[in-house]
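Before anything else, here's the structure in question.
As written, the chain order gives the labels A, B, C, D, E and F, with residue 1 at the start of each chain.
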Amino acid sequence: MLSFGSRHLHPALGTMVERAALLGGLDGFSNVAAEEAVGRRAGGTMPHALMICFGRGEQEAAWRAFDEAVPDETPRVALVDTYSDEVDEALRATEAVDDLTGVRLDTTGSRRGDFRHIAREVRWTLDAHGHEDVDIFVSGGLGPRELRALRDVADGFGVGSYVSNADPLDFALDIVEVDGEPAAKRGKLTGRKAVYRTADGGHHIGLADRNAPTDAVELLEPLVRDGEVVRAFDFESAIERAAADAAEVGFGDEQ
Amino acid sequence: MLSFGSRHLHPALGTMVERAALLGGLDGFSNVAAEEAVGRRAGGTMPHALMICFGRGEQEAAWRAFDEAVPDETPRVALVDTYSDEVDEALRATEAVDDLTGVRLDTTGSRRGDFRHIAREVRWTLDAHGHEDVDIFVSGGLGPRELRALRDVADGFGVGSYVSNADPLDFALDIVEVDGEPAAKRGKLTGRKAVYRTADGGHHIGLADRNAPTDAVELLEPLVRDGEVVRAFDFESAIERAAADAAEVGFGDEQ
Amino acid sequence: MLSFGSRHLHPALGTMVERAALLGGLDGFSNVAAEEAVGRRAGGTMPHALMICFGRGEQEAAWRAFDEAVPDETPRVALVDTYSDEVDEALRATEAVDDLTGVRLDTTGSRRGDFRHIAREVRWTLDAHGHEDVDIFVSGGLGPRELRALRDVADGFGVGSYVSNADPLDFALDIVEVDGEPAAKRGKLTGRKAVYRTADGGHHIGLADRNAPTDAVELLEPLVRDGEVVRAFDFESAIERAAADAAEVGFGDEQ
Amino acid sequence: MLSFGSRHLHPALGTMVERAALLGGLDGFSNVAAEEAVGRRAGGTMPHALMICFGRGEQEAAWRAFDEAVPDETPRVALVDTYSDEVDEALRATEAVDDLTGVRLDTTGSRRGDFRHIAREVRWTLDAHGHEDVDIFVSGGLGPRELRALRDVADGFGVGSYVSNADPLDFALDIVEVDGEPAAKRGKLTGRKAVYRTADGGHHIGLADRNAPTDAVELLEPLVRDGEVVRAFDFESAIERAAADAAEVGFGDEQ
Amino acid sequence: MLSFGSRHLHPALGTMVERAALLGGLDGFSNVAAEEAVGRRAGGTMPHALMICFGRGEQEAAWRAFDEAVPDETPRVALVDTYSDEVDEALRATEAVDDLTGVRLDTTGSRRGDFRHIAREVRWTLDAHGHEDVDIFVSGGLGPRELRALRDVADGFGVGSYVSNADPLDFALDIVEVDGEPAAKRGKLTGRKAVYRTADGGHHIGLADRNAPTDAVELLEPLVRDGEVVRAFDFESAIERAAADAAEVGFGDEQ
Amino acid sequence: MLSFGSRHLHPALGTMVERAALLGGLDGFSNVAAEEAVGRRAGGTMPHALMICFGRGEQEAAWRAFDEAVPDETPRVALVDTYSDEVDEALRATEAVDDLTGVRLDTTGSRRGDFRHIAREVRWTLDAHGHEDVDIFVSGGLGPRELRALRDVADGFGVGSYVSNADPLDFALDIVEVDGEPAAKRGKLTGRKAVYRTADGGHHIGLADRNAPTDAVELLEPLVRDGEVVRAFDFESAIERAAADAAEVGFGDEQ
């Protein structure tokens, strides 16, 4: 699963979103400007613009040009929804490019009556012609519901605005202690808190100076104290920790 | 608007449905077996079977074969949704057939994300290439709601199961008089009735031996009495009468 | 359960509907014109017309006339909703006809506030007067939901338009192979298929030239080949097969 | 419209409810114990108990007994839903009682599929037999919605629990002034108020020591001051005032 | 749980409602006029009127006045929602009154955004200041749903209109037997019935002269016969029996 | 109406959001970092943090400290929802600060049962004590619906996440022309377009080389051509233009 949504955002945030997408569990990203910051190579497939520049009826020429231009290690994924039907262009792409890695379906809304059926029909047709090894990559307006519906007929996904335009989490910094004494405005619980992961994968919040629940792990650790960074971590281990935490609390289990 | 639904029915009823469709206001029908009974010529366009017999990529050959085979007076309407996108095939059909009358869009469900947009895009593209005189004919699962939504972007319609599979009108013959005395089971109004068209386009039902409402026209006329047909009428005048009655009561006014 | 809906249909289809009703699992039918075709005797009870011809207050005379006129083997089922309340007429029918088989409730809509309560009250009243052996037969607008709601208070059912006016199953004949090569228009899966009953009571569709799933039974058998009937079957064994298939796939299990 | 709901209540409140029903606009009441308090005669029709004491099939005897027993000035309204259908019993009542005033339909729930249709069918049948002068009186679970639906087919109504079981109006006595100073708990507006009927039929609430709105009439008048009744009124003029106020603010206008 | 709703009712019914509330399972009541009839002492807490008479900012004076005026055995429950926030007044009440029993939250609607959060915040704040022994008592518009939502954060409840304004149970006295013969109007089951508690906690109704179900207990016992009271019982044992019956049939189990 | 939402965003975007808020019609903003970029002074009121630092019961001290610290031209707006009820603190603020400009209600969710009633009660109480000149300023989760509901009881608004977290408008750059020839992928209309404001306040999109509609104004003007800025504009005139355009198309009219 690749992050495709960086282009929807102000460039000042592009790198942050790719970094957040990887932390959140995606496998790759498409914004080349973020490569240095995250220490990984960007990926992706050809755009519709390439197809259009070659023109209607010249899809074979466009796919071959891509095949000739990109490095050997780049997967050959042909975009197959530009001018003709996906089934039609997919078949033609297998004939135009040797060693085709896969095809990408980014079907436009007005032709997307049943996206799952389109992907399944492409799969059926590729198989019927002996192309079981050509993967299907889908993109365009995908969120968790679509991913679940498509995952048995697709081999890869491009996810855009579901990640890049996610609603902000509403949070606030509140004063809950003044000179060691509990304090707070109406509606907020007073006093310094500790947050624990409980044994059943849930969490517990309590006053920091009370006892922790049995078998609970305290989660809060200071990152900055009096302006000094007191705890460093690297990006790759953060990804691993996020995945481990998600697994522990059952995030992403079938709904 | 042509009736396309006869094929959904048992052949024993095919002619009756075409007759009823014409009575109900459609302009034509497609079942050639009904021609003699209704006294009109059937019409229609080419089927997908013709396109498939020529095969993927051979659409031009199929359209030209149709153009060469049918009589001069038959409109040249090319089916343009078989293998490629409707916009793509529509453009190609204008190049393949001189004096093309129109194109038919019968877009399959899995590609019908926004049928109105597809029709509008075909119109826009035909116009952009100077084919303002090529008509757009649409079909496939159309009912009143779809017809209203498409009528400003389409020039003709094929209507199938909305007419041929219409729900039966539930009616029953009840005894309401025995030897001239009012009678009926529970739930039925006793006595012989008269039915009137009132001056405001509504109707009124009352006992036949009471006075009619002012300015009302009695609607019931015996067609058969004691087994003898006592009133004949011809099919074309029946169509006219149905249209006139529909207009009088406001049937089909914008909803 | 008897099929009562044949009268809603064009006579050309009456026999076909009765045949289909029996195939679908009903126990009997009412259209005498279908007797020869299906090789069974039609059944039914008296109509409201009979009651009305005798007139209000003369229900006893009507029931007795029926009792005297029909053959000995015909069940005596009195229609008890014509003029008075169902409970009232049911009690009176037990007094009017010796060896009454049952009563039929076909309660008209405007008096059908709670059909289950009416049937239960008739049952209670018959029992309270020692007529535990008089059956209750219900009819009028019944479908699966009503049958489930009534089956513990009724001994028999008449089902009409739910069977006779059932929506047509939409199906189409598609070209999926041309000269042995897979073919199809957009939206259809190419190639000749086989249909299998899988071990879990589901079904599987795959290309005919691929392997069948483990423990699956192929369902398609040619009935006509090149215009020749190649497989005959008789009606009664077809009914049995339909019932067996329904049982195997769990059709009709409690919902 | 008569109040029938007194029997649903504790006897200690019976008189109060009848009094409230008359104040609220009903034409009469049925609880004889309230006659003295309200200064009017109670009214009503025969109960089902009377019919049942005579027994099934003896409805004519019951109606005649009532006719013979009650004073001349009492309207002859026959209850016609006890054993047989309403249409059937209504016809029979017209034959059993000379100068029948009307019939009452109190159809039980399980037979009340469409009460309006039942009333209309009784009306149609009475008219068809020349009894246009026999009124139809309906009762049983009636509220404003039912009254509106039935008022063109019924001549009188009995209303029970809609009046007698009306939800209490939630009100509270609040301190809003202490020793002349505005006071109140949170959520209440401080200070002594005046309530005005405005010129458009609405109302306005403001501080009592501010100016009244233009053309407004102050509505509050002290009834008790320091334990002394300071304003007397009689019941009949209260009914008139309630009706006049309802008319002024448009209460009961078509909704 | 205390009954607070007596004030919503006509005084003639006040005692009956308190009696019914106790029978239905509440722990106490507030209407002192009912003390003699039910043989128990009324209970309650201070009203808003007391707080308002002392005035804004004088809450401490009001709570202390109550503390000084009431007998030693009366629980000290301070009303803490009159002028300031509940959390604020609760803290102040703990400082104003030694040995405070509890605080009452009767939060007015316009400030009741999330009553459970308010109660939880009061609990948290009292605990954070070492007042774990001060109870929280809640009131105001509470029904079963609110009680379930609040029961883990509140120690006591005041319930008003949910009990006092409960909808009447619709019941009627019907004639089902005349001189030993079954009788009834349409819609009613004829004959004298017996009511049984079945072994599974359900109930069964059958004709009194038929056999009881196995292991069933007959529930009906005559209280009055020919105008004579034939079975006496005392109030406290009635409460116990109601609780035992409720437990037996599972009334009040988590829904 | 002031923009309060900048704090929800990454600092890199703070200035852009304040700029957009002003362009969109708000009257002011609170992020001081944006002052230079937009050429206006930021505004706002005191935060809860100030109140909490002074502590529960010391609200008067906090308001007075603010009054003494800020420049004379700064409006004195007291935050009145921190510890006590809004009505209580509002009254106290009028006594603590001479020449109070207004009070701000930012009521926390758990106390916000009916925000309009709270504001109205504050207004009523201020008026009852002669403070008609003290304004009411509201904030906290406000959007168009809340603004419409509150605008007759509030004098000013703070709007946060409705502006700062607004969903991105989904747009894309598409190739519609290649070397002057119309081109586009499926689903897009080919060719270079012009956008017009029509005389009725709507808009029209058509091919750029066709005639404009009658009385229409073309809206697109190039800002950058071949990398050169070809049209400059200043911020204040952009605000005016946005307001004028909004008025012309009826944006913001009552819904």
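Note that in this section a residue touches a chain if its C-beta (ideal position, glycine included) is under 8 Å from a C-beta of that chain, and two chains touch if they have at least 3 such contacts.
Given the structure is predicted, the values throughout are model-derived calculations rather than measurements.
Colleague: Select the interface copy of B-C from among C-E, B-D or A-F: the correct pair shares over half of its contact pairs, counted by residue number.
Modeller: Copy of the B-C interface among the listed pairs: A-F.
Colleague: Taking each chain's centre as the mean of its Cα atoms, which chain lies farthest from subunit F?
Modeller: Using the mean of the C-alpha atoms as each chain's centre, the farthest one from subunit F is C.
Colleague: If you tally contacting C-beta pairs, which pair wins, E-F or B-F?
Modeller: Output for the comparison: E-F.
Colleague: Return the chain whose centre of C-alpha atoms lies at maximal distance from the corresponding centre of subunit D.
Modeller: So the chain farthest away from subunit D turns out to be A.
Colleague: Subunit A to subunit E: how many Å between their CA centres?
Modeller: Computed value for the inter-centroid distance: 55 Å.
Colleague: Between subunit D and subunit E, what is the gap in Å from one C-alpha centre to the other?
Modeller: Here subunit D and subunit E have centroids separated by 32 Å.
Colleague: Could you give the separation in Å between the centres of subunit C and subunit D, each centre being the mean of its C-alpha atoms?
Modeller: Taking the mean C-alpha position of each chain, the two centres sit 50 Å apart.
Colleague: Where in subunit E do residues touch at least two different other chains?
Modeller: As it turns out, subunit E has residues touching two or more other chains at 56, 83, 85, 88, 108-111, 117, 121, 186-188.
Colleague: Once you draw an edge for every pair of touching chains, what topology comes out, line, ring, star, complete or other?
Modeller: It is other, because the touches fit no line, ring, star or complete pattern.
Colleague: Okay, in this complex, where on subunit B does subunit A touch?
Modeller: Touch residues, subunit B against subunit A: 56, 83-85, 88, 91, 107-114, 117-118, 121.
Colleague: Can you tell me which positions in subunit A touch subunit F when the two form their complex?
Modeller: 8-10, 12-13, 16, 48-49, 51-53, 55-56, 81-83, 108-111, 161, 165, 167-168, 170, 174-175, 178, 183-188
Colleague: Residue numbers of subunit C touching subunit A in their complex, please.
Modeller: My answer: residues 182, 186-191, 207.
Colleague: Under the definition above, what is the set of subunit B residues touching subunit F in their complex?
Modeller: 85, 87-88, 117, 121, 124-125, 128-129
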